[in-house]
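Two complexes come next, and they have one chain in common, chain A, joined by chain B in the first and chain C in the second.
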Partner chain A sequence: MRRLIALRLAMSVVSLLLVAGFTFSLIRLSPADPVVLALGEGATAAQKQELRRQLGLDRPLAVQFSSWIGGVLVGDFGQSIFTHRPVSQSISDALPVTLSLVSGGIVLAVVIGITLGFIAGLRPGTWVDRLVTSGVSLALAVPGFWLALLLGLWLAVTWRLFPVAGYTPLSENALHWTQGLVLPCLALSVHGAAVIGRHMRGVVIDVMDSPFVEAIRARGTPRSLIVKRYVLKNALVPLLPVIGIQAAVVLATSPVIEKVFVLPGVGTLMVNAVVSSDFMMLQGTILVFATLLIIVNLLIDIGLGILDPRIRPQ
Partner chain B sequence: MTDVAVQVAEPSADSSMARDSRKGLRWRLLGQPLTVICFAGIAVLIGVALFAPVLAPFDPNFADIAHRLKGPSSTHWLGTDVLGRDSLSRLLYGARTAVVTSFEAVGLAIIVGIPFGLLIGYFGGWWDRLAMRAMDILQSIPSLIFALAVIAVLGRGANQIAIAVAIVFAIILIRITRGLALRERELLYVDAARVSGLASSRILFREILPNIVGPLIVETAIMLGSAIMIVTMLSFLGLGLNADTPDWGSMLDDARQYQAMQPFMALPPGLAIMFAVLLFNFAGDSLRDALMGTQRSQALRRRKTTRSTRPLTHFGGNNGTTRTDAEVLNVKDLCVAFPYGKKGSMEILSGVEFSLRRGEVVGLVGESGSGKSMTGLATLGLVPTPGIIKRGEIRLGDQNLIAMSDAELNKVRGSEIAMIFQDSVAGLSPVHTIGQQLAEPLQVHQGLSKQDAAKRAVELLSLVGIPDAARRIHDYPHQFSGGMAQRAMIAMALSCGPKVLLADEPTTALDVTIQAQVLDLLGDLTLKFDMAVLLITHDMGVVAETCDRVLVMYAGEIVEEGSAIDVLTRPQHPYSRALLAATPRNEARVGHLPTVPGTVPPPWDWPTGCRFSPRCPHAREKCLAAPIPLKNGVRCIRADELEFAHDP
Partner chain C sequence: MFLKNIAAAAGVLALCAGSAYGSGPKGTLHYGTKIQLNNWNPLVKPNTTYTGIVYEGLVKVAPDGFTIQPGLATAWHLTPTKLDLTLRSGVVFHDGTPFDAEAVKKNIEWIKNSGSQWAAGFAIVSKIVVKDPTHVSFLLSEQAPTMLHRLASRGAFMVSPKIIESGAWTKDGGTGPWTYDAGASQLGTKEVFHYFDRYWAPQNVGVKSIVVHVLQDPSVALNALVAGYVQAAELSTSQLPAAKAAGFKLKATPTLVQHILFLDRKKTFADENVRKAICLAADMKALTEAGYDGYATPVSQKFPPGQPGYNPNVHAYPHDVVAAKKYMAAAGNPTISFILPMYPGNRNVMTLFAQQLRQIGIDAKPQLMTTGQYFTYYQSDKYPLQINSSATENLGPLDYYQFRFGPGGTGNPFHVDVPGLDAIAKRALAETDEKAQNKIWQEATQYIHDHALDCGFFEQETTWAYDPKKIPDLPTTVLHPSALRYNEVKLAP
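Up next, the complex of A and B:
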């Protein structure tokens, strides 16, 4: 098990470096000149040259990349070309918001999805199953951010149950932090919960129909014990990769939900960086999202190793 | 040369079959009302996109400042936005943007993704590995974030969004196509095409592509829905189009800003997105169902096992037959039925009767589909849904199993009557250790503590001949060979010392040498535990070696019963004789591998009279008149006329 974790960890670090390299080169492909964007069209050639030198943009690409990577490794992501604030500072301000939002979204998606899929999968063909199945079909088509708008209007504006927008840090007020995150996390989790629920239902049906459950039944083990001891554990093995993919979807759609609820997260930073072609900020934020996804995948791999003896190295 | 000619003929035969199945596909799709509605809906959506200028009541950019942020009215059916522009018109034009952008994105993804996926999947090797690694890297960036990065490079705009989404989808399509091509490449028709010297491009696009196009179409349909969703998200983030091009995403962004003043604004674009995505998702689902045929619904039907609530008729106590003390299991008039057609039902087991005595091995033989396994399952009350036990009596000692509830049956199953199955590895939970699974019946039935159960599990495992049992108890099923897994299954079945063991083809999936060992083990244990064994098999050789008595089953009925010696040497029923003649050891004499001509017909084709008559060389008209009773151990009215003497 330790070997599996070490191996996966090493692979993750390699992926991260490659992603960093890819991101860096992708951004450099852009025809937009950040210096012109920062100084405006009217700047003189000398001014441009000066800024270029300051930012290190006159050096060869390989040197630029290695100095950026070297900085990233010690937590220095460079400087925003517009605000002149260190990117790492903006990110460390925004990261707690994104982490709260995204982890809440993933947890809700997993809990809701698994519960619904489990309930439906144990009773295929019943009205409960049909209710869950059609609910899932609907949820797959509902745009999460639109649902967020409606929920926000109804529960926050009309009923004043939740704050309409904004973020309260956990350290400031735990209650307000929770209240502020309920609607965003819920909206973020809808799609993932639906996909996980749909898969879980199918997997539970398959497990209940499997030869080993038939054999266990033939040994007189009560159904309740079969469900408790065998179904969940066996169902989770094929489900974990699905959870991984949905965690990626939650990460990917977080900027949209951040916009709806005006949450100052990494997604918002990134969207602003795209709009203003703030390359350093863009590189930094992409790397943050990639790191989060790679961590999620690492956790999924480790989880699979714990659950499924077949993939543990002997 | 002739070989090649024959092989080349195969692909074309394949493709004509594909054509046939595609024709069937069309009918399957048209037969589903929901599917028809779905495709009609997509047609409407595309129609709206095409004819938006004709349908829209206003110019989408005409600003009527006097009537800004109004709710629905007779002039503005869906109200107006902050500049007083007509929401309905913007919604209709927005459909155009959504359809054009998402079709562009998916189209691009198809043009790039499918050929590339085919190439790397078909040729494999280093290019494949390199491409897969590259895609792993790309997929380490969450999809929408990736699209944002692409837009940052390309700049904002509708085409840019389409390209960004296309790249994300192309990666997915490459993976899927590669996987399908990889599988297809191993198939015979591709080999044939290669041998006959077809150019690779022809093999890829004329032979492989038509065979994998089904799953790809399904994927594409669902992608069109997600494309609409992603495009609206991107334009909601303000990265899309200029303000003059109406689209659903920026309409929602407007609605967000002025929600407090006009809450209605958010409804129409959101509903439009939802319906569009729903249409494509359903289209994809119904295409998938149609392509997979009825497999799925059948798998669903076979899902769990329950038993009937009560038999239709009750048999009180002991009705006439003498039961010796040694008799442990007595099954009488067992009938199992499945629903058939609208209201009807069909019997798949009819009047099955047998009894088992202590220390005796009884063979239950017959071809696939004769009802052997169902007899075993029904005896345990495990008839698969929606089947029911229509009537009958299953006496285990003093108890009638038919009259028991599921909870009562659970106390009997595994403790007094146990069953083992053909596929031993699949019969074990892959994520639990052998020890955990072996200890469970001991804990459930005998109330042993965890430690005691574990100790007993080691004893049981060594009892079935697994060396180093104390260590192997911590192994998982995948670490066991098929033969060892079957030994473990036997240990589990015998853990609570049952009086009866039902063994359903326990050696069929094993190697011949292992078969003999497992059979020997079963024989030893039968004596040791003094239990009765019902050995379900289709192998007459196994019967000859292990069984005391034999039951021959055909089409849900016992057609002959008797001592193993009698049935094997002097079979009275034509079916028994046919089965014996088909035993492979007669091969040398007959000169070819003998078989029983034909197969067991499905239950709805069973004749009223003798069920074997359609395949029986000795059938006469009188055989078809009425159901044949089991008389003197044979269910054949011509048994006396036909004298079968099996060659010694």
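Up next, the complex of A and C:
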């Protein structure tokens, strides 16, 4: 098991370096010039050159990259060219928002998906199964941002149950924090819940039809005990990679939901950095997202290793 | 010719205005906007959405967008060689630094050397003489009839000298009625401002706090308004019917005069016949309908009636494709093909415009860019044509000429000389009589029209919706981008 963790950790570091290099190169290929945008219309060539020098943009790309990576290793992501704030400070302000949203979205997706899939899988072909399957198909077809707008319209504007936008920090008011996250988390979770639900249904049906369950059933074991003791446990193992992928999808789609619900998270920072060509902020935020994705995958790999010894490296 | 105003009238005006606000600031204004705050450097802001809350200028413009009113200066006297200013006493910046003549000197020198779009307007200030803390004079190397309008622009807000020296633009350093509360704000999504206790005219301030919510998605902005999350919001034109149906009051104020910019008059559009063909091929009514849902109005020229440079004899080019084709034939039907940059904000207009140009055989290829990419290059020597505008050129005919056609003008990226227009501008600058000078600027307007140096003018409106039960009125300024007059906003009792 230790070997698995060490191997996955090493692979994660390599992945992060690759992401960092790729991001850095792609951003530098962008035709937008942050110096022109920061200085405004009438800046002279000398002023542009001076700002480039101050920002280190006049140095060779390899030097810029190594300098940036060196800073990142000690928590210095550079300074935003537009806000003049350290990128690390902006990210640390925004990270709790994104983590609240994403973890809420993942938990909801897993709980809703497993529950519905389990219920449908135990009653294949019944009206309950058809209802869940139809709901899953609908949820898969609905774009997340559209659903977010609809939820906002119904639950926030019409019924006034939740705030329509904005974020209250947990330290400020726990109730408002929860209320503010319900709609974004729900909107973020729906697609993942549908995918997990669909897989869960299939896995439960497979397990219920498997020879070992037939054998247990033949021994006269009550159905409720079979379901509780054997089906659920065996269904969860193949579901774990699906949950991992959906966690990544939730993370990747969170910037859209952050924008729709005006949440000051890392996704919002990233989208704003794209629009304004804020290189340092963009590099920093992409690296944070990549790190979160890699952490999720690492946890999934380790979890699978614990549940299924066959996948551990020999 | 010269704008001369005396303090007494200004003081009386200020007092009268003050009486309308009763017993000082009250309540919190929740305002929605698409614009994000990034830092507090006023020289690189595209509008006054945020800077208008914390900064003030020496003078300001009235709601008509033209009449000059007192600000941090209570009186002024402008001659061809000098501008004398009397400053308000007892004013302090938010960081506690006193506002005085030395602070004005520091600010003007900073703007002049900033390299921003506003620097050119103060290049003619050859010397700044500080007489005493409340009196300062600008010596001018050439006359500048619009100097007061330059001082009233968002490019001449007064900033604390300490902030200028440190370059710490994470803090606001104005003298305005509200200060920025960084702790309560969420930079980029929610910005919070509180009343500045040492503000010099509390009686002129309507609300005690302002919370600006960044609502970039049009549907979210409308939802926020309907749900009562904000009391007023800048709304996309597409959302206005729904806002009106929900009982909100709408406000539309012309904020920009946009036009077709023939940037490359050196090569691609060197031929006057080609430029005229484009002016005639452009269906401005269709463009404004498509791009702004009708919240834009085609106009004949750069400046509106009543302002210097307006020429009643100049009429907009009509939409006439047959005549346009004749001009193209006269130019020898040249093969013209170029990239037309656009960003999400003007995508509809540019796409339709490219289609209209295709009718006369011009191949304009629209290319969608991010906002950052677009504003890096739209006014550079990379692209020959554009539809846009710049606040600098809206100040007056001299500024328009210098910015768009002057040899070193920022809006003249291909550095094309227009000797005929240069000669007219030179005559205008030599003229000291205001009426005679205006006549010469009218000639300039005629010249620009006749030679199709610019055409396709239209006033683009900014649109708001607000809850009349919570805000009786939403005061704005004509022809100033994001022109909400925060001071004058009052909440209903």
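Basically, the second predicted complex is superposed on the first by the 309 of 314 C-alpha atoms of A that agree within 3 Å, B and C clash if a C-alpha of one lies under 4 Å from a C-alpha of the other, contacts with A are read in each partner's own complex, and residues count from 1 in each chain.
One rule holds in what follows: a residue touches a chain if its C-beta (ideal position, glycine included) is under 8 Å from a C-beta of that chain, and two chains touch if they have at least 3 such contacts.
Predicted model, so just to flag it, every value in this text is computed and none were measured.
When both complexes are superposed on chain A, chain B and chain C end up clashing with one another. Looking at the shared chain after the overlay, A:307 reaches chain B, while chain C stays out of its contact range. When the shared chain is aligned, chain C comes close enough to touch A:38, but chain B does not.
In the superposition on chain A, contact is made by A:259 with both chain B and chain C. After overlaying the two complexes on the shared chain, residue contacts for A:9 are found with neither chain B nor chain C. Of the two partner chains, chain B and chain C are each touched by A:153.
In the superposition on chain A, A:83 makes contact with chain C only, while chain B stays out of contact range.
Touch criterion not met for A:111: it reaches neither chain B nor chain C. In the superposition on chain A, contact of A:165 is made with chain C only, not with chain B.
By the touch criterion defined above, A:269 reaches chain C but does not reach chain B. Among the listed stretches 6-14, 24-32, 42-50 or 60-68 of chain B, only 60-68 clashes with chain C once the two complexes are superposed.
Residue overlap on chain A between the chain B contacts of one complex and the chain C contacts of the other covers 30-32, 149, 152-153, 157, 259-260, 274-275, 277. Note for the complex: chain A touches chain B at residues 15-16, 18-19, 22-23, 26-27, 29-32, 124-125, 137-138, 140-143, 145-147, 149-150, 152-153, 157, 205, 208-212, 214-223, 225, 229-230, 233-234, 237, 248-249, 251-253, 255-256, 259-260, 270-271, 273-275, 277, 282, 286, 289-290, 293-294, 297, 307-310.
By the touch criterion given at the top, residues 36, 38-39, 43-44, 115-120, 167-170, 186-190, 213-217, 219-220, 223-224, 226-227, 229, 369-373, 375-377, 379, 390, 392, 410 of chain C touch chain A in their complex. Within the complex formed with chain C, the chain A residues making contact are 30-34, 36-44, 47, 80, 82-85, 90, 93, 149, 152-153, 156-157, 160, 163-167, 259-264, 268-269, 272, 274-277. Those residues of chain B whose C-beta lies close enough to touch chain A in the complex are 136-145, 148-156, 225, 229, 232-233, 236-239, 252, 255-256, 259-260, 263, 266, 269-270, 273-275, 277-278, 281-282, 299-300, 302-305, 380, 382, 406-407, 409-415, 418-421, 423, 426-432, 437, 440-441, 444-445, 476, 478, 489, 492-493.
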